[in-house]
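You will see two complexes here that share chain A, one where it goes with chain B and one where it goes with chain C.
Presenting the complex of A and B:
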């Protein structure tokens, strides 16, 4: 219980105008139940110190320029009615289903954990000395430079559950993390650690509503030659607030690909922190976001930081946001090319499609480059639907609503193309089509 | 590829030969000498007494002093911004002189004939003739009608004071007011009071606020309604004194339907100790008026080890206050050890337009963090940004920009292109754009690329007998073309040779 003691003790307020003071942090921590020692005790102690030093972000924090961190700083979330069950978009796909209810692993509702090439344990089951201790809070801590991500540190400190997944071979069946809500006030903190051994392959799916408020961290270590695919789709559970971090380390010749579909959330912030450590590696991160501000407001922030620390690597950031009824879409992306990371091929595209007045798209696409033999570029566009294209479709007899759906789908196509598996892409497309068609009239 | 090469060749056959010759004939920083002249200094440091002293030296009215003091009090509560990608030692604001003027300027010369010949010689050596019969060097014959060479009126600022303004009478005939700002405060207080601080308020930012308190001189321009300024106006800033900060303030007002093209140049001697320069430029543009503002910034960049050089913290902003106002910023940033500069456009009037063309070159230990802000407030406003950043040696070059489309700025457009070129593997090139779109009918497009000098292009040039340095200068000039073309003729020539000089020693 050592780390608990560290935290509840009175500590001096954090210096600096831009960060919320120590009192906010103290109140935030008090509301959380701190895990006992055992697993990852050292990482949690370290997190406690780091969090005290950095404090929680304030509204004037540059990294929080476009998103007010207040909902994440608040001691407790607003309770949120639990929605009824809806069909899962991956129901038709052969997969290994692992269920979380209010952020706790539900073994009964989940499939059998024994699968070939996979070693899966929930955090609650493992004790000190587990393999995941070499990664838990470690990739997160590495991802704190040069930008501080206090909510990820908070997660490392207080997460009580999550899965430790070790992949030793080529796993053909995707692993599906399915989140459910039962308690209307659930303030969920989940922390997963995934290690792909050299040459291993895994596809990870994530769906569902995690909690009234959620804070998730996914640490992924992709060793040499391994391949990791990640597809996340959060259910239409509109008023939710959540912050998620993915910390990835990509080894030599390895592949990391992450795609997210987001059609919900009152305030969502997703941070992707990818460190390309080995030569000839590939890292792609993409998202398709559809925001309708009429459903309890919509504010969706994707913040990505890709570091190239090796030669001949490729990275892509593809973000497409369709916004209506006062929805806010944010993209902050960065490509950092370290000295010596020659032959880097980095590309970043962020596009906002505003379907009506009042919606906003705010972008900060950055490049920071310290090597000369590189090819790095970014593009960012914002605008309305192309009237000419709309006219063309209508002049050929396509009703207006349907024409809009077609144009929106074509706008999102580049992001969807980042999903390699046809069945999975089909499932996502189906969900998109439903969402668009059901709202086209509005 | 083929297209790029043919472009490059055109450059060579045109003016680039000159560039290459200039590189060969000149030392690295050709303006690094100083003028030995008796100076008068205010005591070191900044406090209310210094502010009062500067105001008194300029024979300012009470309201101006109050304005300065308010700024100074505000400044004392502010902290220096640290968000730029710049790394420099703490500046000791009390270890600078805030006012330095040549002794000979104590009694204001009534005309240029009375100005200390040493001062005139200084400008002549810099290639800036202050005698009206002389014209800017390098222009003759370049003009389409050489018989009628172009006139450029010059306001020459030496450390803290303006030493003279040329063609004043001829300009006055057209109704144009062109004088030093200290003179404008005395002679045209109604204009100054109305517009000073209306674009860059006293409390705008740390450096602008300091400038508001201690600015010693600068230029003032007023173009009356419907007037096309009969000649180009220019200000030449020279820092000469040691340990002296230069704080100049420029105020340009283009009244309805007027037009002016304004040029700004600056140099400083080579010194081991870094010097501070914090300027403010305010431009007010009324209905249908147009202002073109071009800068060739060539302050001493410091030596190869990063010793000395100017710390350049500049706030420049144009306010297109009424319908169809238009502003065009063009800058060539080759000097200064530290550059912190974001010439901005507030597009308030309907259908107003802002353009920003920039070349920023950082070599050796130079650091530049520069860009623009396009703030679209009015309907149907347009803006265009073309930024070319070149890094060589161990330099760091950052483009930082904001494009903001406010909810009311419907049907507006922005196009941004920022390209970075890296020469060598020890330097850095960075892009930090902010794009904020808050209405549907506007369209914003942003593109950025980073690359190195293309090996194929270099090989092609070298295969035709050019040495490596020539070849790099050629490729770089091709890379900057879009911006160079936006400059007035006089500056385009100077800028082109500067590009080459600034990159000297960056190859091999």
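Presenting the complex of A and C:
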């Protein structure tokens, strides 16, 4: 077997016992073109072994109880018409634009990669011995305990592109990963690795439809005192099927913040796995989700696992989902406080706002605590619009549709507040407002 | 201005009859007070006039300048010039007070076919009006009523009234939860809005608010009807003797 070609399509290595059946995994892999090359060959070999042992998930898996993994298990996605190009919500923000088309980095369409404090390369350009090999598939593998995340392993195994970003200073200009689609049938697997050196700072933006089906992994290593802000907006192609993973390691005194806006997508699953490794660190993860079951079906699942393995750290999970016309929203969130992680301050809130009786919000909040001097709380609510507040606004002359928009924004406010930068929050808010207003009649 | 004729209202869910034939006329420029014991239907009247869901009008009508209010949506009633100051103003997290005021004002202007106010024009007016109500810039920026004290909430209601410039203002128990100083501030705000073109219907349990907002006419409401109408002295009578005598007299 050639170096890097860790699996061939016919390899027997992927058969054997799997939860969804070995055949499914073999068929899944057969449909994929496996990468050959020097970069991360060891990680890919390791991923092959892990995936073989793990198999693909079945509907009986605890962590797949509320979301049917079938669309992700299927050998190929249904083709999906490529939408026309729209204005980007970050167009007014000065940022470094990096374009991906069907999951492949497009250097021509992107800005110049050289920027102070940044070292950026695409996976396709780098070979063995690259710094990112120390992280590629490593944070992902660490994030497999105690919950298995087979599609992340699959991603590590087969990803052919992604960016390797090393941040050595305080970078004020956000880096924007802009995804575009060209091939209606593209089954996209992208894997990014980001390393923030001690004291460094980066804001990462992500927008656009990634593929007819997408599987993304973002591994982020935030070293001591570094600050990482991540803002993703997912919308556009309404019938999209996607699974996204963020694996983060947060060092001493470091800050990790991730916010996602999702408006539609047929089946979306986002897994956030954050390991707080150093003392006095802060990790926040939040999402604002709007789903309309009338635009195809809508099923949006956020599955979050935050591990506190150090002292005096703070974590927050803020998830808000607005659902209508039979849309489904899922939240599975866990805070694990390891022995010795004293003075942990953990907080988790998940809320569903149901705009009609056909929609559903399911939440599974979990706390697991092995230290005795900690403060952890979680809350989850599901409800309809507050009729009194609606009447209050209307009694002031605000038309019903507009009043509902205001109350939806009010509901989402806590999640949006997790975006520190005013301009970026404004851009997200503008996008939300447009979406809500354009659909107010429906 | 406001004319209520033989208004009968029941609760949609329970079918319980709350208003049993209310007749009331508030001419332009006058301040009328409605007093009455708990459960007499005072707040129901204010909600039915402003269009809250959950009530069914079984008989009668209520008109503003001759036009029936009852078929109009709450926002249309507001644009027509009706305003209800809530007994319990609602908190709306995440929506700034200024955004809320501007949205409401421009929505009403739009409904009336008027030009929307520019940001600068709006800010100039709101700052001026807020100042007389001792509402500072901080309070204007905060989310609507969130973390406001009882007095701040009521002052905020009066600020909305001052900005929206309604012709018919209904104040529902505006004195509840206010200390003397806060009540004076609120009353001053209301009095500043009195004009020959604007009328007020002040709903209250107690006479004390009427020391500050002097009514032209006082109505006593009981069991869903106006049982007595008189001048300001009627409020003093209630203050001294309670509702007992009046109720006995009506029966």
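Observations on the model:
One rule holds in what follows: the second predicted complex is superposed on the first by the 423 of 442 C-alpha atoms of A that agree within 3 Å, B and C clash if a C-alpha of one lies under 4 Å from a C-alpha of the other, contacts with A are read in each partner's own complex, and residues count from 1 in each chain.
Following the convention adopted for this analysis, a residue touches a chain if its C-beta (ideal position, glycine included) is under 8 Å from a C-beta of that chain, and two chains touch if they have at least 3 such contacts.
Please read these numbers as outputs of a predicted model, since none were measured by experiment.
More residues of chain A lie in touch with B than with the remaining chain of the pair chain B and chain C.
By the touch criterion defined above, A:399 lies against chain C but remains apart from chain B after alignment on the C-alpha atoms of chain A.
Of the two partner chains, chain B is the only one touched by A:359; chain C is not. When the two structures are aligned on the shared chain, A:388 is found in touch with chain C, with no touch to chain B. Using the contact criterion defined above for the overlaid structures, shared-chain residue A:369 touches chain B, although it does not reach chain C. Legend: residue contacts after superposition of the two complexes on their common chain; A:422 is shown touching neither chain B nor chain C.
In the superposed model, A:378 makes contact with chain B only, not with chain C. Of the two partner chains placed around the shared chain by superposition, chain C is the only one that A:414 touches, whereas chain B remains out of contact. Residue ranges of chain A in contact with chain C, taken from their complex: 386-389, 391-400, 402-403, 406-407, 409-414, 416-417.
Looking at the complex, you find that chain B touches chain A at residues 83, 85, 405, 407, 420, 422-452.
Taken together, the chain C residues at the contact with chain A in this complex read 50-53, 73-75, 77-79, 83-84, 86, 89-90, 92-95, 100, 103-105, 107-108, 111, 143, 160, 164. For chain A in complex with chain B, the residues that touch the partner chain are 62, 65, 339-340, 342, 352, 354-384.
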